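Note that chain A is present in both complexes that follow, paired respectively with chain B and with chain C.
So, the complex of A and B:
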């Protein structure tokens, strides 16, 4: 009995962590280049909606994911124009996009699907990899995931490789730490930052699409429920390192999943308190563990050539 | 970054004042225009939608009063935003501060304040709500001063923590949930005693407009005086512009950071308390929904001016009321207004390069 509950807990913890892993991994790279996208939540929400819509219209969840990523990348493009070229306040712009995303997805959802629709939309099937299922305790939870969940871990590896071993990764780090020196060394600060933000958009798009077409097979209003903010916090908590960020995402996923485990263990904890747990953890994390020094020096600071 | 070309600097300075006003006005007009286009695109009758919108905003004494009541809380949150931003702090946690203010004001009104002699019955809950919001905002200020925690992230997270707390309080019988009287009892608090409700300004014509209007008016004047005409305002500004220099000049910068966030949060908490004591009269888990973002947008639109906050708050107070009625009568989702708000914020933030040639670091 308890084993079964544990498997459900681990499975849901992983499922809840996947969108945050996608978004946080992309955001981590963007922040290393000096741009903070508070609009991450909006990108995810827009993608979740678009993926649901496209999957519902075409019957193909794969097209759904592609459409979701496309829209999220477009939002990222707009964020990049504002943050990099127009040197707007990155945080304020991000909040603006989140309001816009909430408004437009809620509006379109009601217009297209009707106010009370809970129709399932075509989604991905779970893979049920037999060789994974044999691992004790965590095996079934690991095996019963959709393909996208494994892609999220793959993206962490890819992002780590990009940052560590490619010239683009070197440019990202240089631009985030000392844009003026990078500029003098012939690196285009603007181009690097644009690519960083777009990369964050693509991954946030994957994360949002995962929510609607892989996890729940439906769209609900404001379905990200602040997952984008959690992802940003995970980046801070993870000290802008891909692996620590992954660990932070998993922690947040399991903290959220605790609400499913608590009743099974007959713990008399109010659900509301479990709901706030990930945010409380995040707050304690950024207040307690993260020194200022590890932050990319040029984070949120616009760069102007010459001057 | 210092402007090196004096001619250019002069030209910019001359344009500065009109643009400060022009940008918010133009972006609001454009956003509302886009909102109308969206309504038209849905096939709904634009005329009908506008009629329903107008009716909801100002169709009767009741609706006008309700719209202004809404504006009162938005103005307080907006004032809080500009107060913090004077010290170069961005308080985006209005929602959480409203929630804490409303929750503690309800608790005070239900447990004890009702029996106090006239006046104190609602003043005490208002004060309790203000303190609750102040603590919530001050916490972010403390984290900023003590740990260097970015206040944008911390105020956001504090909102995500406050909302489940309100949910918890109205779900639990030993906290604020009213006893179940029948099967349809919702998770909400009991209605607050009549003595704790804010007195109405015009009790005879059915308008719900209450004395919160006077409280907000006082707050507007006080914030304006403090920011524009006091040493405190100057010091907040100095700390915001250059913390290191301020510290060298002998100012306790941590104190001003915490103070700015505490006052900012307190104004939000007062806004939340007024929402409960003024018109809603009982606590629900989502009573603050949307007010935080609206107040934030009001603060942004005002560009640091208390008068701007009043105009923005009235605009959004009426917009909100109108959009709710538009959804009920003309079946146009009120989310259209959210779209407009998002656009306004983005456009204003994006045009900062026009009004503010100086790159802020």
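So, the complex of A and C:
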């Protein structure tokens, strides 16, 4: 009985961590290039909605994911134009996009799905990998995930490789630390930052689409519930390092999943309080860690040649 | 055949002619020094060669081919590289990462860079750990990384713009040795400096610039350093007493009679006592190493030294902007070691800081607000600000100190540098109590008229019985204003000269650490 509960807890912990892993990993790279996308939650929400809509309309969850990523990338493009080219305040731009995303998805959802909101949305099936299932305790939880969940871990590896072993990654780090020096070394600061923001958009899109077509197979109003903010927190908590950021995402995922474990442990805690836990944890993480880990020096600072 | 030929180069910035009809040959394999005072046109000349600016008239050839770089990228392509005064390295990345930055190849190949660095280390003695992070390196080591960055592409011409201004003397030796090595390999080096000692050690030939013109080009073998100095400053080195007069004369004005002609009053009791001051910067590098100094009432003490020998840190510590690692500072009997700026002000210290824009004023605020920055309480009643009272007081102060602005309400940023500095002086000299004034590089970037006003204010403060410490990189300024000059070298005072015995040579020798008086 307890074993079964444990498997559910681990399974849902991982599942709940996946969207945050996607979003945080992309955001980490963008922030290393010096651009903070506070609009991350908005990108995820728009992608979740678009993925649900496209999947419902075409019957293909894959097309849903593609459409979601496309929309999130478009939002990222707009964010990049405003914060890189026009040098607008990155925080204000981000807040604007989040409000826009919440308002537009809620409106469109009611307009389009209103009477149909009980209709199931075609989603991905779980893969059920037998070779993973044999691992005791965590095996079943690891094996019974959708393909996208494994892609999220793959993206962490890819992002780590980019940052450590490619010229682009070196340029990203240089641009986030000292754009002036990077500029003198012949690197286009704007181009590097655009690519960083678009990368964050693609991954946030994957994270948002995961929520609607791979996890819950439905869309609900404000379904991200601040997952984008948690992702930003995870980046800070993880000290702008891909692996520590992954760990922070998992922590948030499992904190959210605690609600499933509470009945088994016969904890007499209101579920609402448990739902609060990841956000509380995020606050503690920021308060305790932001001073210690060093953020990229040029984070949120627009670059202007000369002067 | 010469590597680089400049003929008739002229560069104007607005009405100001920075370079006037410059013709010069740079031979292959020579170290060619450009010597001149601040504003003589040395940096402009380098920037033309490196493509940062484009000439208004004249032509250049490089290796016999026409050379007209439209930007640094084009100059780099033709094998011209430049080390600027301000480094462009990413501080929290390693040396190897900085060297790989901006080089085409999708996947990083640190091994290639390390091999190339080993070659350069063997050829030029440019040893540096590729894995070291830039922010762990000293200024001299960072500069070495910049030079390696330049040499990676095997250039023909290396331009160094005042590379020694930021270096410790032993680092200067190493840099000069590298210049010789580069020249030995058939490449040419243009080295900009205004320090004579370096020239005699490294240059094959030297070109002296003054006010945008070439005064002379001389081969260094058997050259007379004294005559070089004469060409550089445009007058005999002995006439140091009337420097200010000469400075004014350059502008075609008549020098005003200054109160220094009255001569210093005899200094009274000690107002500032610094004993065994030690300061290590955040990287652990010692910047002040047991500095002791006393300034009496009614006395101006000048601090001379090559930049980077601890004078900036001394100024910061006296202003309370850096905490000393050891030693004691006493002002008028009050211990102020490691005190806050407010406590130091309360002890009677006025500060004219080196970085006027960052430290001395808030440019976006009005002149009146800046004049009473530290004394807001003076004009508030029941917590409300009495602006008209402050305005009136500010107007009086502006009149007294000749701060020229249309009204006390205009922003500080709209004032000229000279008027900003006069406002800062007005504020600091109006402090009560006031027993000591620190003036760090008080005339940097000011025009001649404002410079004179600043000198007069400092002298008047001295005549009122204040002790004054004047930190300056301008020898002539020190000799014109100070009653006593102490020379700082590697964080210590290494010698002192009293008024009447000032000489450029003696001070210069002490500044380079070669002689003690």
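Keep this in mind: the second predicted complex is superposed on the first by the 302 of 307 C-alpha atoms of A that agree within 3 Å, B and C clash if a C-alpha of one lies under 4 Å from a C-alpha of the other, contacts with A are read in each partner's own complex, and residues count from 1 in each chain.
Criterion: a residue touches a chain if its C-beta (ideal position, glycine included) is under 8 Å from a C-beta of that chain, and two chains touch if they have at least 3 such contacts.
Keep in mind that what you see is a predicted model, and the values were worked out from it rather than measured.
Visitor: Under the superposition described at the top, does placing chain B and chain C together on chain A give a clash or a fit?
Guide: Chain B and chain C fit side by side in the superposed model.
Visitor: Of chain B and chain C, which one touches more residues of chain A?
Guide: B
Visitor: Looking at A:226 after the superposition, I want to know if it touches chain B, chain C, both of them or none. Which is it: first, second, both, neither?
Guide: So A:226 only meets chain B here.
Visitor: Of the two partner chains, chain B (first) and chain C (second), which one does A:186 touch, if any: first, second, both, or neither?
Guide: Touch status of A:186: second partner only.
Visitor: For A:266, select first, second, both or neither according to whether it touches chain B, chain C, the two together, or no partner.
Guide: A:266 sits against neither chain B nor chain C.
Visitor: With chain A as the corner point, what is the angle to chain B and chain C based on their C-alpha centres after superposing, as a multiple of 10 degrees?
Guide: For this superposed arrangement the angle is about 80 degrees.
Visitor: Does the superposition put A:89 against chain B (first), chain C (second), both, or neither?
Guide: After superposition on chain A, A:89 lies in contact with chain B alone.
Visitor: Using the touch definition from the top, say if A:173 reaches chain B (first), chain C (second), both or neither.
Guide: Only chain C; A:173 stays clear of chain B.
Visitor: Once the two structures sit on chain A together, report how near the CA atoms of chain B get to those of chain C, whole Å.
Guide: 5
Visitor: Can you give me the overlap between the chain B contact set and the chain C contact set on chain A?
Guide: Common interface on chain A, chain B vs chain C: nothing in common.
Visitor: With touch defined as at the start, can you tell me which chain A residues reach chain B in the complex?
Guide: Spelled out, the residues of chain A in touch with chain B are 38, 78, 82, 86-89, 91-93, 95-104, 106-107, 110-111, 226, 229, 232-233, 236, 270-273, 275-276, 279-280, 282-283, 286-288, 291-292, 301-302, 304, 307.
Visitor: Which residues, counting only chain C, touch chain A once they are in their complex?
Guide: 73, 87-93, 97-98, 100-108
Visitor: Under the definition above, what is the set of chain B residues touching chain A in their complex?
Guide: 1, 38, 42, 90, 92, 143, 147-150, 152-154, 156-158, 160-161, 163-165, 167-168, 171-172, 293, 296-297, 300, 333, 335-346, 349-353, 359-361
Visitor: Of all residues in chain A, which touch chain C in the complex?
Guide: 165-171, 173-174, 177-178, 180-182, 184-187, 294, 297
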